[in-house]
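For reference, chains read A, B, C and D in written order, and residue numbers begin at 1 within each chain.
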Amino acid sequence: MTGIAIMGAGRMAKVHAASIAEAGARVAAIFDPVEAASRALAEATGGKVAASPTDAMNDTEVEAIMIATSSDTHVELLYEAVKTGKPVLCEKPLASSYAASRDFIATVGEAAARKVFLGFNRRFDRGHASVREGVYAGRIGRLEQLTITSRDPFPPPLEYIPRSGGLFRDMMIHDFDMARSIVGQDMVSVTAHGSSIVDPEIGRLGDVDTASVTMLAEDGAIVTILNSRRCAFGFDQRIEAFGATGMLMSDNPRQSGFRSFSKEAPGTDAPILEFFMERYGPSYTAEIRLFLDCARIGLDMPVNALDGLMAAYLAEAATASLKTGKTIHLTGPDQEFENV
Amino acid sequence: MTGIAIMGAGRMAKVHAASIAEAGARVAAIFDPVEAASRALAEATGGKVAASPTDAMNDTEVEAIMIATSSDTHVELLYEAVKTGKPVLCEKPLASSYAASRDFIATVGEAAARKVFLGFNRRFDRGHASVREGVYAGRIGRLEQLTITSRDPFPPPLEYIPRSGGLFRDMMIHDFDMARSIVGQDMVSVTAHGSSIVDPEIGRLGDVDTASVTMLAEDGAIVTILNSRRCAFGFDQRIEAFGATGMLMSDNPRQSGFRSFSKEAPGTDAPILEFFMERYGPSYTAEIRLFLDCARIGLDMPVNALDGLMAAYLAEAATASLKTGKTIHLTGPDQEFENV
Amino acid sequence: MTGIAIMGAGRMAKVHAASIAEAGARVAAIFDPVEAASRALAEATGGKVAASPTDAMNDTEVEAIMIATSSDTHVELLYEAVKTGKPVLCEKPLASSYAASRDFIATVGEAAARKVFLGFNRRFDRGHASVREGVYAGRIGRLEQLTITSRDPFPPPLEYIPRSGGLFRDMMIHDFDMARSIVGQDMVSVTAHGSSIVDPEIGRLGDVDTASVTMLAEDGAIVTILNSRRCAFGFDQRIEAFGATGMLMSDNPRQSGFRSFSKEAPGTDAPILEFFMERYGPSYTAEIRLFLDCARIGLDMPVNALDGLMAAYLAEAATASLKTGKTIHLTGPDQEFENV
Amino acid sequence: MTGIAIMGAGRMAKVHAASIAEAGARVAAIFDPVEAASRALAEATGGKVAASPTDAMNDTEVEAIMIATSSDTHVELLYEAVKTGKPVLCEKPLASSYAASRDFIATVGEAAARKVFLGFNRRFDRGHASVREGVYAGRIGRLEQLTITSRDPFPPPLEYIPRSGGLFRDMMIHDFDMARSIVGQDMVSVTAHGSSIVDPEIGRLGDVDTASVTMLAEDGAIVTILNSRRCAFGFDQRIEAFGATGMLMSDNPRQSGFRSFSKEAPGTDAPILEFFMERYGPSYTAEIRLFLDCARIGLDMPVNALDGLMAAYLAEAATASLKTGKTIHLTGPDQEFENV
């Protein structure tokens, strides 16, 4: 069983620890600045508590590294992890600022960046993955329109808004990555619209809670992303890929096959899954399995730090588009945006 | 435009008159004992009021005859109609008693009986017909289980129950015909169960309001029919044909593609169609078109008086099974049943 | 039965003539420059052939006027019709150019324009109407995002493209009207994107075949419209209205409740409706009924020439946005657009 | 963490061991006659290998006992387990013969029998449980018709058929228990029909592969159970509970929310779950949680050995009905059946 060092012992680290076990690997070492958290996770997993990230990463039983700390510490730990030469899986985002993401890629180089698995776990959702696989298998011919709907059940606490980086960097980043992974081409333009219609306080804090982004791909395919910070009926996560010969859809899965029929509601489905752990929980295990498989063979990671950079780049462009009211024509990740 | 004589000017006659127009034919003559009804229908359709059924049927502009009077007059008019040699479409049932149905077939002969179109219009429902066509086309391989669910939105008036002939003859007769048309074989046994759980008054009047019938076909396929006199959410009319390589289903169509999502009801469909005119209305036009086509070419009718006899025979057997608590082994329409 | 004069005896006129009969009115007079067409429709409906539009409109048996000629003749006939003081229903569009639409409103005045029913018949589709009614009834609280998908089964003949006015004026105009009718507010901006990805020839002719439009409403609600000139699986016509407390959807209705299950396709629905006559056919009858009701009482028409102007205005703005690559900020129907 | 002794180390034992961990308990001791199997499971779980069932059950760290051995050893181990006074969960069936089941209840007494949890795990399927809870909560008023469809993806090996006890005892027993749990009343009659239409070899071995059973409940509610040993599109497990004010349904859940649309298949769902581990896997964890909760408080088990007896009784009656071709009127579990 592959031994893994986990950086972090918080909520996401626990999720990953469970997935590691399900994926047939084991937690070998743990580091979290809150020692009690490290100890609790160590007890639950059988891993050892390390005195520092360096100790954890360099432990001889450790064959792979997972970074599941708070976002602002990712990039620093990544520099450290990359030095060990061991395979690394880092939770999204790559870094807490776009500049820092760019610097990381520039510093370590593209080859090393491709060895860092970046945890866009929604790619591994069974329904979403079926859409992507279907598109790649030619089931809808040429892709013409891609529509991604992504709505959280409720907004984050207001105090989180100012440090979130804004909706595009914090929430829509998943959808930018999803769009890239399904379209399989570079985007040439981004146009963003947004409102703070869910909660005007969010507007006062300089962010939007409802947004629509349109992107054009190189070949003219049109991508539309719809986001909302609130959805009354659950975690609304859907994709529609429309092409020359058909359409593939990833609809919201239901909690069960239960349906009820009455005069007032003559055919009501069971609720959709509530939030990301219900919906994307199984994706974490699939993600770690793929990470371990690629690590074993020494492949580039199929979703890696470069993907993290490109998703962040689109988030940056969308933020710029919203601020300026203009379509942003994309020239590549070196592009500079004003006032974002 | 084919001229048609309609016997009857009541509700079903009006439905048929509209379907006749849609099917590209015309009402040429009308007879109804209530002359005001005849006149009203004549005015609406441009047909002439006839002094008697004989006059109507023998009118030189009349090329086909439709019997849409009350059930107890069907067979008498059928004898008359058959004599004219013109094509005849008769609303179900063939006659008000099973004995009278048998006598009719015996008297006119099977060849003539095959020229009488019997109005089991549900066969022409688009969803139901797709199931039958799929079975015949081999889409599910050998048919193994057929399940027909048929529930009315509300029970008939209690005063109707005593003269209805009972649920099997009055309501399930449609499902017996449907079963025969999909299975395409003779049935070898009928077992009926029933309760008066919707309204105990119906039980006191000697009938049931909830019933389940199991029939075995010659090759061992099992048919299950479920009936209820009441359904809170509308007119529940469904078929499932299960076979070696798959299943075909005719589900309840919806009033529209409307769906609503809320916290309490996270995915509710539009209502199903309310009752037989909403659900089976379009079937009448399809039925008349087929009747006119077969008449034009001189074919035997694809659903004819013999089918009417066989459905009535199954209804008779089910009634006998319920009364005796035994499975009835079927020997053919000459079979005699005790105490039914 | 209200007598109606129909201008035109072509395909749409025939559709309307049938709807007039179903709505309980009658065709009293017909004018079409192709006299044979007039005569054929006269024979089918019992109306008389008129020598000129003026004769038809002023016939004493005529109580209401319907304009169902080719688009380029609408406005001229409208001027004539308005003069009679009789209620008028005009097929969309109001006029063949935006300028002509504006002139018409300016000439006849807003009060008269409100008496002209404009045939945006999709408003009367049962599913779409349920969405609008649900929004107005407060079933989703404040409307936050409205998404309209509208895809034709196949593109028009290439020779039609140059005289179509472009996708926004020719096809998306229905969706602009639908958006206005559901949102119930003015739009403040329009941003259009488009590609000719279905057929590059369409691009060479200066048009797009795939488009996405984003509009902001006064209160910040975001409208997204997706169009395609081709859809492999039929006439894809859907609406999603998302709000504070839920979502209402008008999904594609199916040809029947048929479903099939096999190893390869474990749950396949019946096809969706093929094109506009299958999908929106019943809407025409509903439209004419509403027109006649409003005419009888003397009400302003609930969808009238002003709505026609506003939808055309949005189409004009979208065309300008596509050409300039910029978001168009809307100032009202007097706004001038360059180079469109 | 409650320590559990597992009898058996085969496939079902492994499933249970995983569920025990997920339910927050632990495997303390294991006995399987195949020592290598015991050792493997001990290694995977951290439990100890016991020398005999008695040793395992009486281990001081063992607080509860789970019997997951082959069916023919259940009852013997149950006698042993009951003697310890510790809570017991026994996989279905209670015993390999109906007589042995009856003897067990008679020997240990009803009070002790109620403390033995019997593993009818389908009761804990989320969709099925929602139907039962809805019925009990009065959501459909009085229950009038209950229809249970249960089809395996493929038949068992032919060599299994002779020792299976026949379809009613081996497969439909789950549905008998489900029916009892939803109806909440005694059944008064059982009528069975069956065919060997899937594989005539099964018929030659004296069994059926396709069956339909009708049961009447005390108050007249009608239960219909449909079984097949083969289903081309997966593990078809559905329930419909129809009542005075509505219907509750447990439909087959899908592998994901994926749907595809093409000209040929204009709306195809993702496959249903393949077999019992995919469909009912999560039910095992729910089952063990409930078992541990009841054990902790000292409650009677909500599904216990008496339920096992009653389900076996209905299976016995169905077998007798099929053999005799007659409806069996139920008098209670002491009833003797001929030739079954």
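Note that a residue touches a chain if its C-beta (ideal position, glycine included) is under 8 Å from a C-beta of that chain, and two chains touch if they have at least 3 such contacts.
The model shown is predicted, which means the values in this text are computed figures rather than measured ones.
Listed by label, the chains touching subunit C and subunit D alike are A, B. When every chain is reduced to the mean of its CA atoms, the largest separation from subunit C belongs to D. The distance from the centre of subunit B to the centre of subunit C, with each centre set as the mean of the Cα atoms, comes to 41 Å. Annotation: 58 Å between the Cα-based centres of subunit A and subunit B. For subunit D, the set of residues that touch two or more other chains comprises 140, 232-233, 245-247, 254, 261-263, 270.
Residue ranges of subunit D in contact with subunit A, taken from their complex: 125-127, 130-131, 134, 139-140, 238, 245-263, 270. On the side of subunit B, the complex with subunit A involves touching residues 232-234, 254, 261-263, 265-272.
In the complex of the two chains, the subunit A residues touching subunit C come out as 140-142, 144-145, 147, 151, 191, 193-198, 210-212, 214, 216, 219-222, 224, 226, 228, 230-233, 236, 242, 244-247, 325-327.
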